[in-house]
Structure formats: C-alpha cells, structure tokens
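My structure is below; once you've seen it, I'll send some questions.
So that you can tell them apart, the chains are marked A, B, C, D and E in the order they are listed, and the count of residues begins at 1 in each.
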Amino acid sequence: MSTTLLKLHTPPQVPLETEVISPTSLSGLSESGIEHLQVMHGNVKAKLGDFFKVTGKGGSDIHLEGDLSNVKMIGTGMSTGKITIDGDVGMHVGMGMSGGEILVHGDAGDWVGPEMSGGRIVVKGNAGHMVGSAYRGQPAGISGGEIFIYGNAKNEIGNSMRRGFIAIGGNAGDFTGVNMLAGTIIVAGEMGIRTGAGMKRGTIASLQSAPMLPTFEYSCTYHPLFLRFYLIRLQENGFRRIIQDKHLNGKYKRYSGDGIELNRGEVLLFAR
Amino acid sequence: MVEATQTKSKESKNIKIVKDATCTFCGCVCDDMELTVDLDEHRITKAKKACVLGRAWFYEHTIDDRPVVLIDGKEATLEEGIETAAQVLVDAKFPITYGLSDSTCEAQRVAVEIMDIINGSIDTTTSVCHGPSGMAFQGVGESTATLGEIKNRADLVIYWGGNPAESHPRHFTKYAVTPKGMYIPNGKKDRTVVLVDVRRTPSTPLADIFVLIKPGKDFEVLWALRALVKGKKISENIEKDTGVSREVLDDLVSRMKNAQYGVLFFGMGLTMTRGRHFNSGAILSLASDLNEFTHFVAKPVRGHGNVTGADNVVSWQTGYPFGVNFNRGFPRFNPGEFTTTDVFSRGEADAAMIIASDPASNFPKKAIEHMKKIPIISLDAKDTCTSKIAKVRFAVATYGINTGGTVYRMDDVPISLRPAFDSPFPSDQEVLEGIRNRVKELLKGDKARLAA
Amino acid sequence: MSSELKIVNGRVYDPKNNIDGKVQDVYVRDGKIVESVSSSATKIDAHGMVVMPGAVDIHCHIAGPKVNLARKLQPEDHRLDVHPKTAVTRSGTGGVVPSTFATGYRYATMGYTTAMEAAVPPITARHVLEELDDTPVIDKGFYVLLGNNAFLYKLLKEGRKKEFQEAVAWWIDSVHGYALKLVNPGSDELWKGRKNANITDVNEKIDHYDITPMHVIESFIEAADELGLPHPPHIHCNNLGHSGNISTTLDTMKAAEGRRVHMAHIQFHSFGGEINKNAVSGVKPIIDFINANENITTDVGQVMFGKATAMTADAPLAWMLRNVKFNKWVNADTECESGCGIIPFSYQESVYTHALQWAMGLELFLMSKDPWRVLLSTDHPNGGSFMSYPKLIKLLMDSAYRKEAIEHVNQKAINKTVLRELTREYTLSEIAIITRAGPARALGLENKGHLGRGADADITIYTEEEDKEQMFNAPRYVIKDGVLVIKDHEFATDHKGKILHCKPGYNADIADEIEPFFEDYYSVKFSNYAVSEDYLHHHEVIPTHPKDS
Amino acid sequence: MKINKTEIVDTFAEAFEMCGARVIITADTKQWARAAAASMTGFATSVIRCKLEAAVECEIPEEDTPDRRPGISVLLFTMSNKTIAGQLIDRIGQCVMTCPTTACYNGLESDNKVIVGGKLRYFGDSYQISKLIDGRKLWRIPVMEGEFLIDESFGIQPAVGGGNLIIFGVSKNIALRAAIAAANAMREVAGIFLPFPQGVVRSGSKIGARYKKLIASTNDAYCPTLRSISSNTVVPDKVEAIYEIVADGLDEDAVKEAMRRGIHAAADKGAMLITAGNYGGKLGKYNFHLHELAKSNKNKRI
Amino acid sequence: MVETMILVPGRSQKQGTSLVAGKLKDEYKRVTSTAELNEKDMRRLKLKDGDKIRLKSDVGQTVVTCIAKKDADLPSGMIFIPYGPPSSELMAHDTAGSGMPLSKHMEVKVSKV
C-alpha cells in the first residue's frame, strides 16, 4: 500500500476546511491533482497545495504532518482506508465517516466523529467537546463506529448517540452520554457532573466514582461480564496501561436511569 | 446620573411630548412612556412611567460633542469611515459581525446582508445571553406565551435564576405579578409568586415563596422536579446535594400541577452557569411536562432591548438564531465554532464589526486580547472599551430616542419606535447601508466571492 | 423607461380566457400583459414550451412568528439542505421550513409568483410584514387570525353585530391583512383557560362567552359578505385530524347558507369513522357537498410523504400530535388572539393514518367536479413542503405513476378509500386552474392567474416534458411583474414582490370601543398596535366590494 | 490387513450429513462450566430418540475464551438446520442460563446463523439489553445472580454424524480397554465429539426391528450371546465382547482423522478385530474406508 | 489567608444605570469593582467594608472593594459582583460548544490585599 504524504508548509491564518482530505477524494489523483483540490481558507477558495506539500499519488493510506489544529473536517464521509495525522488536528475530524480509520498522534479539537456510522478514530492526545455527538437539533447522534481518546475529553461525550463505542483514557467533562439512546461509553478517568442526563438506553462506565443525578437510582454492585468485552477491546487497542485486570475482574456499582426518561440506561462505576 | 441632574437646571420653551414611546433598555420594551423632550437641549427631561433603568436610559442619551467617525483615532468623514470599514471587511478572510442587541431590526437586516455578501459571520449578544436557551429550544421546543397572556391568566408565576427587580424592573408591575388581568381580577392577590435563586436579591421580597438553592445546582433541582411531576423517584440526598428539601419540592410540584395557568420565567442564572443549554432545556422541558396536567409556559427573561429582534432577524434570514457563518456562501450554524467568544478566543477572526455592544469589556480576557490585534469597526451611541480599540469608530444615533424602527419584546411581540428628537449622528442602519453599498461596489466582478 | 417583452410560439394555457394549449404570443409592457408591443421588445422564443400564468398558492405558512419558531427549531433540517447565494440572489437555508430568501426563490423556481401566508395573529403583523419584505420575487399577503379574538367574542356575546363587523374591518385595515382566518374557533379559550381542553362540537358553548363556534363562523361569513372582502373567511374547522370529523366539516359548510366561504386544507377535515377510533376516508360526502355548492372553495392540503412540520394556530391539535411521538414540541399563546403549536413531523408510507391522508387528498382532487373550487395546496409545511407540488401534479396527471405509488403505501389504508378506482388524469389546463386561475379567482385577485390584457405579467414558461414532475420542477423562464427573473433555469436578477392587502371601510369610532379593552387586557398600547404603512414597501390594495355601497 | 495382531476388516464406516453448532460456555470456574455443559449434553447420544447428538468437544483455557474465563466447547448436531435453533434455545435456556456464573457464546464462524440469544432475550421480559461490540451482538438477560450473557446468533454448518469403529475383544476387559483408548484418542481431534457415555456404545443398533413400531433395534449380528442363534452373526470365536465408538465431526477430515487415531489406539491396546458399521453405502453421504485410514502413518494427521 | 469561593457576577440596578451613563466613566468602574461578601466570611477573612480584596481564577485576577451582606441574603462561600471588566478578567474563554463562557459561576481564590 503506497502512502500519500501531505505535509503542511504554510499554516492557515484562519480556519481551513479540508473535507477533501479523505482516501476516496484523493484516490487515483496525481500529486498535482491532489494539490489542486479546493479547500476553504476562511471565506476564500484555495487549493490544498497552497498549504500542503503532497508526496505520492492518492491512495488509501494518507499521512498528514504539521500542526493542523486550525484545519477542520479532515476525513469527512470517509468510508475506507486510513488517515494518520502526525500532530494536532482541528474540529470535525472524521465527520460522518462510515469506515476506515483515522489515527491522530496529537490532540483533536471539538466534534470528533460527529454523525459517524462506522470505522474508528483514535486520538492519542486529548480531544475537545462533543466527542461522538449529534449536531445541534439532531435527535440522534452517531450510529456506529468506535472513537478512542487516550487522553482527556470535555463535555457532552456521545450526546444522543444511538450506537457505537466511545472510550476516553483520561477524564471526561460534564454531561457524558447526555440524551444517549444506546451505545457504550467508557471513561477510565473522572467524569464531570450530570453523567447520563436524559439517557434512554445505553451504558456509561467509569473506572472512577462519579456524582450521580437525583434521577439515577443505585441498583446493585455486581460484576458486569459484558463489560469485559469492551475492556478487553480497549486493552488490545492501546489502553493496556489504563485498563488493568482488576477492572476486568472487579465489581461495579450499577445505577439505572434516567428516571425521567425510559430508565433503561445504566451507569457503571468501578467499585473494587 | 450625575449629568442628568446637572442639565436639569436649564429650561427651554421648545418642549415636545412623545406619548406611548418605547423604552429599549431592557427586554421588557415598555411602550407606554410619556417623554418630555427639550428640543433645544436635545434631551429628554422627563420619562413618565419609566423605571429607574428606563429613566437613566432616556436621561443619559444626550447629544455628545464628538466626531462622527474616527479612523485610527483621527477624526474623519462619514464617507471615509465607510470606505475604510468596507475595505477592512472585504479584505478579511474570516470577518465577524457581533452585537446588534441595541439596534433596530432594520439595521440588523442590513448587518446580516453585509455578512452574506462578504461571506463573513454574524453573531449577536444572544450568544452570551440566552443563546443556550435557543440551543435548548432546538432540542426540546418550548411552551411559551406573550406577556399579555401571563398578565391575563397566570395564577402561578415562578422566577428562576433571575433578579427582575434590578434587571427588568417593570416585569413585575407591568406584565407578570401585580397587574390585573382578564382572569386575574385582583392582580397579585390572585397569583402565587415563587422565586428560586442562589441568593436573596431585591426581587426576593416580592415572592410568596423563596427557594434558596445551592449555586450550580439548578439542573439537579429542575431534574428532580421533572421526575416528581412525572411521579418518578428521586434520590434521598436531594436536600444535601441542592439545598432544597423534599418537602419544598413536593409543595412546588403540587402547586405547579394544580395551577390554572403557570409560568416559569428564567434568567441567566441558568444560561451562564455550568450546564448552560441543558439548564435551559431542563426548565423548558419541565414546563412542557406540566402540560400533561395543566396549562404551563416558560419564558426566558431576555436582556437588552432588541436582542429578541436580532434572534428573529438572523433566524428568518438564515434559518439559525445566532452564531451563523457564511464562509461558504450559505449559512452554517454551530455554537462554539462560529460564536464570537470562540472565534476571538481561538484567534480566528481577522476583522470584526461590533454594533451596539461592548465585547472588549465583557468578553473573556483571551478574547479581548485577540480583539486588540485585529481591525475593529465599531458602531455605538456611546464610547465603550470596544470603540476605544476600534480602527474605525462610528458614533451613531440612539435607537428609540433618535431613530424609529422595529424592536421585538422578549416575548417576540414587535413594536415600532417613536423617536423623541433628532441626532446629528447617523443611525446604525444608515451607516450599515453605506457600508453595504460600498462593499457591493468593491466586490463587483469578484464572482468567486459573490456566488457560493 | 418602458420595458417590453414578447413571448412567441409558446403553447398557452390560460383557462380564465378559455385558451387551452393554443400556440399564441404573449405581450408584456411595464409589468402588465398588453395586446401588442413594439418591435424593440425583448423576445423569448417559447417554441416547444408551455406558457402559463404564474402560480398562486392560496394557503401556505411562510412568514411570521410561528414560521420563525419552526425555523429556529430545526437546525438539523437546514444543515442538510443549504441554499447558496448566487451573484444576484441572497443565501439561505432550506428544509421544510426554509429561510425567507430561500422561500421566495424556491417558490419562483417552481413557477409560483404569489403566495398567501394563511395564519397571522394581528399583534404579530409587523413581524410578518418584515419577513415578507425579505421574501423575494413573489407577491404575498396574509390572512388575519380573528376567529378566537377575545374582543370580537365580547361583541358577539353582547350581540353587537354592527360593531363586530366594524371591528373586523378595523383589524384587517390596522394590520394590512388580506382575508379573515378562523382556526378551530372557540378552542383557544378552552386550551388556555381550561387546562388544555379543546372544543369538540360546533354547538358547544365557549367558556365565558355564551356563544358557540357555529355562532362565530356564521358571524364571520356574514361580516366578510357585508364588507365585500375579495376573499371569504378562510376556515380551519374544529376537530381537525379527528376521526369522524366530517360532521363538523359539513356543519361548517352548511353554515354559509349559500354565501362564499373557503374551507382550508379540507383533507384534514374529511375523516370518516367514529370518534377516537381508527379513521377511514370520509371524502365522499365532503366532496359531494362541495361539488353541489358553488359558494364553497377549498384547498386540499395534500399530504406528501417525507418531512413536514405541523405548524398551526390550532394548539390542541399540536398537543395531540405531540402525544403520538414525544419529540420537540412548541406551544405559543398569543394574548387575546391566538394559540399556536409546532411539531416537526414526518409522513411515512407505511403508517396507516399517513397513507390514508395521502389517499384522501388524492380522492378529493380526483372526485372534484369543479377544478376552479378545489385547489392545490399541501398546507405547506403541514402536509409537506411546497417543494413537493411538482410531484403532486405528476400524481394528478399520470395515473400509471399514481397506480405504482399506491402500491408502495399501507394497503390497509388504501382499502379504506376508493383511490384505486379513480382513473382520472388532470389535463394541463386543469392544472393551470387548480394552481393559477382557480386560486386567483377564489382570492378575488383579478390581475392574477391569467394572461388577459391588464393582468400582472407574472408568467412561467416550462419546457414540455413527459415527466410532469420534472417539467413543473424547473420552469425555463419565470417572469415576475414583466421582469425576467429566471432565465434558462437560473436567476438573472433579484426582484422584490408586493404586499397584497385590503382596506375595508369602517366607522373610525370603533377604535374608541376597542381602546379600553386594550388598556385592560393587552400588553401593548393601543396606539402602538396598528401597523404603519412603512412596513408595506411595495404593495397593492385589492379593492373590496361592500354590500351597502 | 493387520496392525500388529489386530485384524482390520476391509470395510467402511458410513456417515451422514448433519447440522452442527459449537457453543462455548464460560463460567467463573471450570466446574460451573462443566456442570452446564454436562447438563446441556445430557440425553443427547443419538438423534434416533434424542433429536440431537451433543457432547463436550474440549475445555478451553481462559486466555482463549471470548470473556477470558474458563470455558468449555460443546458441539451439538441435529439432522437438519431447521431443528437446530430450537434445540439450542431449549438447551441453552434450560441448562446454561440456569447455571450459576455461566455465559454462552457462539463458537462457529459461519455465514449461516440461527438466532438464539435474540430469542432467549424475551426471558428478560423487556429488561434485557443488547450490546454491539466490534460486530458482535450480545444480549444481557437479567437473572437473580446478575446477568446472563449470550450471543445474538450462533453459526451453523454442515457436519458429519455417524463416523464409527466397532472393536472386538477376546474379553470384555480387553475390548473395553481398547475402546476407551480409541475414544480418548479420537476425542483429541478438534471438531470431534463422541455423543455416547465416555464415547463408547455397547448397544449398537441396526435399522428396523421385528416389531413394526421400532425404527432401530439391537444389532444381533454383533451380540456374542446370539452367535449361535442369529443367522447374521459376525462374532468370531474367542470374541467375548464388542464395543462401538461413534464419532461426530464438524467436517469429513476431522472424522477421518479421529477414526485413524482410533484404529491405531485400539490396535495398540490389543483389540482383536476392528470393523465399522455401514448400510451398504446407500444411506450416508460419507464412506470412511478402514484400510485407507489405517494405512496412513500412525503419528501423522491425514 | 486565601479561601476558595464562588463568584456570581450579575446585574444590578446601579450597574444598569451607570452603564447607560457611560462605561468609561468612574461610576460604572466603581460599581463593577465592588463585591459583596457574606458578613461571616468577611469577619473570618478579617475584612471590613471598603477593604480591597484580590480575586484570582485560573485565567486571571483582579482587585476589588468588598462590602458585607447579611448571612441571610448572601450564603457563605459566595461573592456577588455586578458584571463588568473586573468580572470579565476572571472569566475563562471555553464555551463548551455553546458560545457562552461561564460568566456566573466562577471558582475564585479570595485574599485580602
């Protein structure tokens, strides 16, 4: 598999929108074909080549280098292949992706994997708000896929998610899993407040304790066997240091909620 | 206030009375003012029916002796100001227009148009006021009413996280608490007033029931109320967590369910604290839930004069209420991405037009630091921290005092203004129209920018 | 400067002037149709094309506070249907409740040049006029919601018929409205005052007023008649959407006793079956009655599958829908005047009720004997977007297409209708009637909906195609007020349409009667209520023909 | 031919096509997994009267099970893929779901699947929860102990039933020793199970009977006691006892390998003669010729 | 002595009237740099009306004048201050995808100047 290397040579002055960076759009294009792809630099139409030096023709394996924290929408609608980002990346990475993998060796901005339906996003650093969330007004969020953040993530992780698996290696902000319809969120670190507010179904698990809303009721402390599947998958995907045997074997406090809604969701907090 | 008393000593024969004028200081937009205008002195000497804020609003708007336009601090003509402003906007790659809560809808419409033409962003003070309530609305909807309906019918009035006595003084007396209404013949006697807040304020004495809540616990209390209204269980630790006892909650729930027509007014105690849009969403949902049992509405108590108009204008022109970006030749909406605080704090905007607001004094430090690095165009009736750092500063007439136009009350009722006296300054609408026309000329032939 | 235009070689459909597909030329000068133009006139060769008057939407919801709430409510809908600007037009967003600019442009791109906003609480008229001013290309007017007005009820209760009619005229004039609109008369008081109750019978007493919905309906029909308004009361009956509501609908139509009345979105009021049971089609008795009574006009309010938004002054109805699927719900009470409910909605082929409604709408069209009186609408966006009109036209014109469509929907529902037996196909002339000539006549717009001398030069030119949906989706040319707005499917220029409104005469003393009521029960000053003419911008007063003059 | 002193008859074992599933049972301890497996494979020796043949395939070390707990692999075969889902649902529902600490997973990768957890979930009375991870759909059914976890669906595939060896001994002890050795060797083969107790059958059967209602009856030709009475007898002099070993396998090769190992093991342990049962090749799809199997190297897989 | 408290900026009448008079004028500056503290908290921190205190958040710090409020009116651990440049100085810029900075609920460290 040949690699397409995109190296940032001119950092954008204002946000750069590059939804064209995905294996499907680049596929079959020559270096100059790729450099001629249109991007939006603020309100100005520009070419990818104005910002990136391209090496190799378009294939399914794309490498990006440089500080892309002001570059938005990389991997939009991606369905196959792999994008590796050596550095930080801006908002909306992997928006609407349905397959393939995005690997970020740095931090990601807000809105990682919005409207995702499949594939995987791995962020080795921290992520911003709304990891795997629905856009505003949308009643259902991501419908599949996996998002693994090794570091911290902020508020509204998995807002309204309908299916899929989100894992945070560090801490989470407030409203983790808010309005969740189903799916699984695991936070290895501390969660902020109001976890699971409005959730109908789904699982939010944490390896730490967390404050609970008054509408979540404690059920029992038990060993949720199914959770092992998720924890094992995390161990196999770079969380081995964080997910330990005690977490696989241990007991969790189960809270069910949200009492205001269906009350079929659960928050599992590692007990011992 | 000092100046108002100083000018009082002068007398003039050229007096005009403006009846049923409208005060645009706060979102109450009271339209029953009787203004006494000294036309020689260019000032309002008396504002009958105005509250303390309204009086300050009317008395303080005199005609200052200051240049219409400053460019880089130097006096310039209106045409030069418009030219420079248009150049700044056209040259920018990520320009944003912000403010507009103290402008007429007519001016707001032109402001949106300019951003549409140059593919910029438009945001209003809504984003740092009840923007989160707007986002909550997009999630859950709302049950609401015009203020007259509340005057006529509401027998249970709950204020949550607000202090109308100081922020909207006539909210109590003109609309929601003391006035007599169609089915509220005895005014306040026929209503139960509940106040929920983290501290006692000058609003507190008016309440029949005051609920003191721990700071930052509004969501938890609202959530508990929603559960109780639906007959669901809540945690036994509720009092420990929130400062509100189960008895108080049960009493509130029973009052709400048994009211004939209930209203929940809420303030920025919800939108500006942790939880933001979810806090607003919780209270909107509570009101909706209560409609299973009785008639119930909820209303944000909105701030500046025409911030509601700004929401309406931006919505009808773009489909979204605030934080709208036109970079790609069509409107996009994403709070946190295209809202002003964020585009400043992240250092994204490369030019800004600030209309009738003062982000340089009330935005976070990091945002203000960025503002100082980019060209700012400011339009304001007063000098502010923002106008001080502006590249182009327009002094404009005050809406409602010097200019007519349309404003929307906090309940979306549109009202036409009755100006009291002329100003030598142009209205913001006129300045904006000048900028719009010039921008159009500058972009002529630039098909790439004109078409998406 | 006089501007002239001649459209040559087109097949012209102008039912009002009895022209049915004849190849003839059409001449335009200064925004009007004329009999001839000079040789320097701009020529459009419409060879192989169909020339029709611009279409008129008699019932839609496109501007004002409820529309704006519905817009704000659905960012998810806009995000997926953007409306980019062009070198001559503004940008916007679409979806089922588009932004104002998108609304105007999109109507125009379908050949519509006039649209009537069907429900405006008078206190919000300023807002409506501001939005309409930002709704480009088309002419537009609005109907004033007076059927639940507290002051008018008071006059009716007191039996002061004369004052009632004066007040009605005052209201229309004060807000620059076009017609009277009644929505679920009597329901507001119960909704707001009796813990979300609703009126269930036209002869039920309305709380506090000692009158009935029937009384209200009769009074407005009489008032419109006396005032000689160009359009009769536009009535949204009680019991919308309830099974067995045909008896209410028939009672309402009978109340007209031969006087003109317009029944809004009649499909929603044509349910047979028993109350609170699964509905069946009740179209037959309804359409029979309409066919037999020439005083009645109606628009169908066709349901089209896909995204819709229930948006109505009938708040109890929205509440009923909310309890079907707990989703976003908006309720908005307007003091002394109206209620309002909004629910994002989606009509699905597989759902019994939705399929039934779809079929009932088509039954109404296909069983109608007088296209001049049974007019095309989807009650946009209640039954679906106005953008689905071309598809609806295809359903009416192409029975094979319709037959196939029938197979894809809930068969249990279809079996409760006679739709399968209806093989009728609308002709182009009939389409021109239900979308142009008919609505214009029902509205009393003498210069609209036809291409005779003196008519407004609102003209659409379609490339004739077998697929009628494709044909009506994108006219090749659209001329508004004589200006070529769309040329070769693209906008050639921006254009501002007019506000159409009425100025019925009345005795100004009525204001003295109304003012004290305002002081007591409204939250705005009486003197600040009436809308100044500044808000009209380009406008046209449509004359009234009062009885006593 | 002969291996050592053991006579290998030139005949073949005739086997049938069946429908197979593999169920992995895990539990907190090996003991509980075994208990569930034992219960689940009870009364599952022969499709003739049990509708299903099943037995433990092997135990699985915890590092190799889906949930990293001690596990047991159970193979279950039926005569058709119409009947397998019902058997799985019944047996898992009655024998595994009921058994403390267990969980139950699919052990066959196959495009052909039957819904099992997706049906058993109704036991959860609407409190059940589904989880989808990496393409695997699991059901969590609340039970008094906690939760019973089971895969939504189980793979099924065509399988081979009725592989067999018939072992003759000069004494009952010798015959049984040889049979046990053969069974143990055969069981080692992956994809193989021996449905009878300890893998050994003493009541070999023939098709039909003198009694009209019976579809099978004792194989009188192999009964030492009937040597002088039965006209079909094949029991040589000096033979005191005969045992049959039935091996079902997920595929033909597994059955062959098992039989190969069985022949050698039985021969090693002093079987006098080894033959196999068939119906003349008319009924089964598979014929396993003993000479062919025996010829191949003792220590090498086919 | 340094204590962590919750700062609640908000509107007040004087903030409103001085705002229209002019944000660059002294009255507005005075109003927006006067903080209310619970009387008991003040005693504990050895503060009296008119004393200067330093408020420090994660992003900035400011010095304001303090005045006492009755225990019943302002709960212990809270500080009220009218909106203005001093409160903005302490405000973090993260809006959590809402556009709204947390303006009414800030953890601040309070110390006497």
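Definition applied: a residue touches a chain if its C-beta (ideal position, glycine included) is under 8 Å from a C-beta of that chain, and two chains touch if they have at least 3 such contacts.
Quick caveat, the model's predicted, so the values are computed rather than measured.
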Intersection of the contact lists for subunit A and subunit C: B
Centroid comparison with subunit E (C-alpha atoms), farthest chain: D
Longest centre-to-centre distance from subunit B, chain (CA-based): D
Pair joined by the larger number of C-beta contacts - B-E, A-D: B-E
Where subunit D and subunit E are represented by their mean Cα positions, the distance between them in whole Å: 80
CA centroid of subunit A to CA centroid of subunit B, Å: 35
Whole-Å gap between the CA centroids of subunit B and subunit C: 34
Approximate Å spacing (C-alpha centroids) for the pair subunit C, subunit D: 75
Multi-chain contact sites of subunit A, meaning residues that touch two or more partners: 110-111, 129-130, 135-137, 174
Set of subunit D residues in contact with two or more other chains: none
Junction residues of subunit E, two or more chains touched: 94, 96-97
Pairwise chain contacts under the document criterion: A-B, A-C, A-D, A-E, B-C, B-E
Subunit B partner contacts - residues on subunit E that touch it in the complex: 6, 8, 10-13, 16-18, 20-24, 27, 59-60, 72-75, 78, 80, 83-85, 88-89, 91-105
Subunit A-facing residues of subunit B, complex: 92-95, 118-120, 135, 138-139, 219-220, 223-224, 226-227, 230, 232-235, 237-238, 241-242, 274-275, 278, 326-328, 333-337, 348-350, 448-449
Touch list for subunit B against partner subunit E, complex: 1-3, 25-26, 52-53, 56-57, 60-61, 123, 127-128, 131-132, 135, 163, 165-167, 169, 198-200, 202, 212, 214-216, 268-269, 271-274, 276-277, 322-323, 334-337, 339-342, 345, 358, 361-368, 382-385, 388
Touching residues (chain side subunit B, partner subunit C) in the complex: 19-20, 22, 31-32, 105, 109, 113, 116, 134, 137-149, 151-153, 174-175, 180-183, 260-261, 288, 291, 293-295, 297, 311-313, 315-321, 326, 328-333, 406, 408, 412-416, 447, 450-452
Of subunit C, residues touching subunit B in the complex: 63, 65, 67-68, 71-75, 78-79, 82-87, 90-93, 95, 97-102, 123-124, 126-127, 130-131, 134, 150, 191-193, 195-196, 319, 328-336, 342, 520-525, 527-528, 531-532
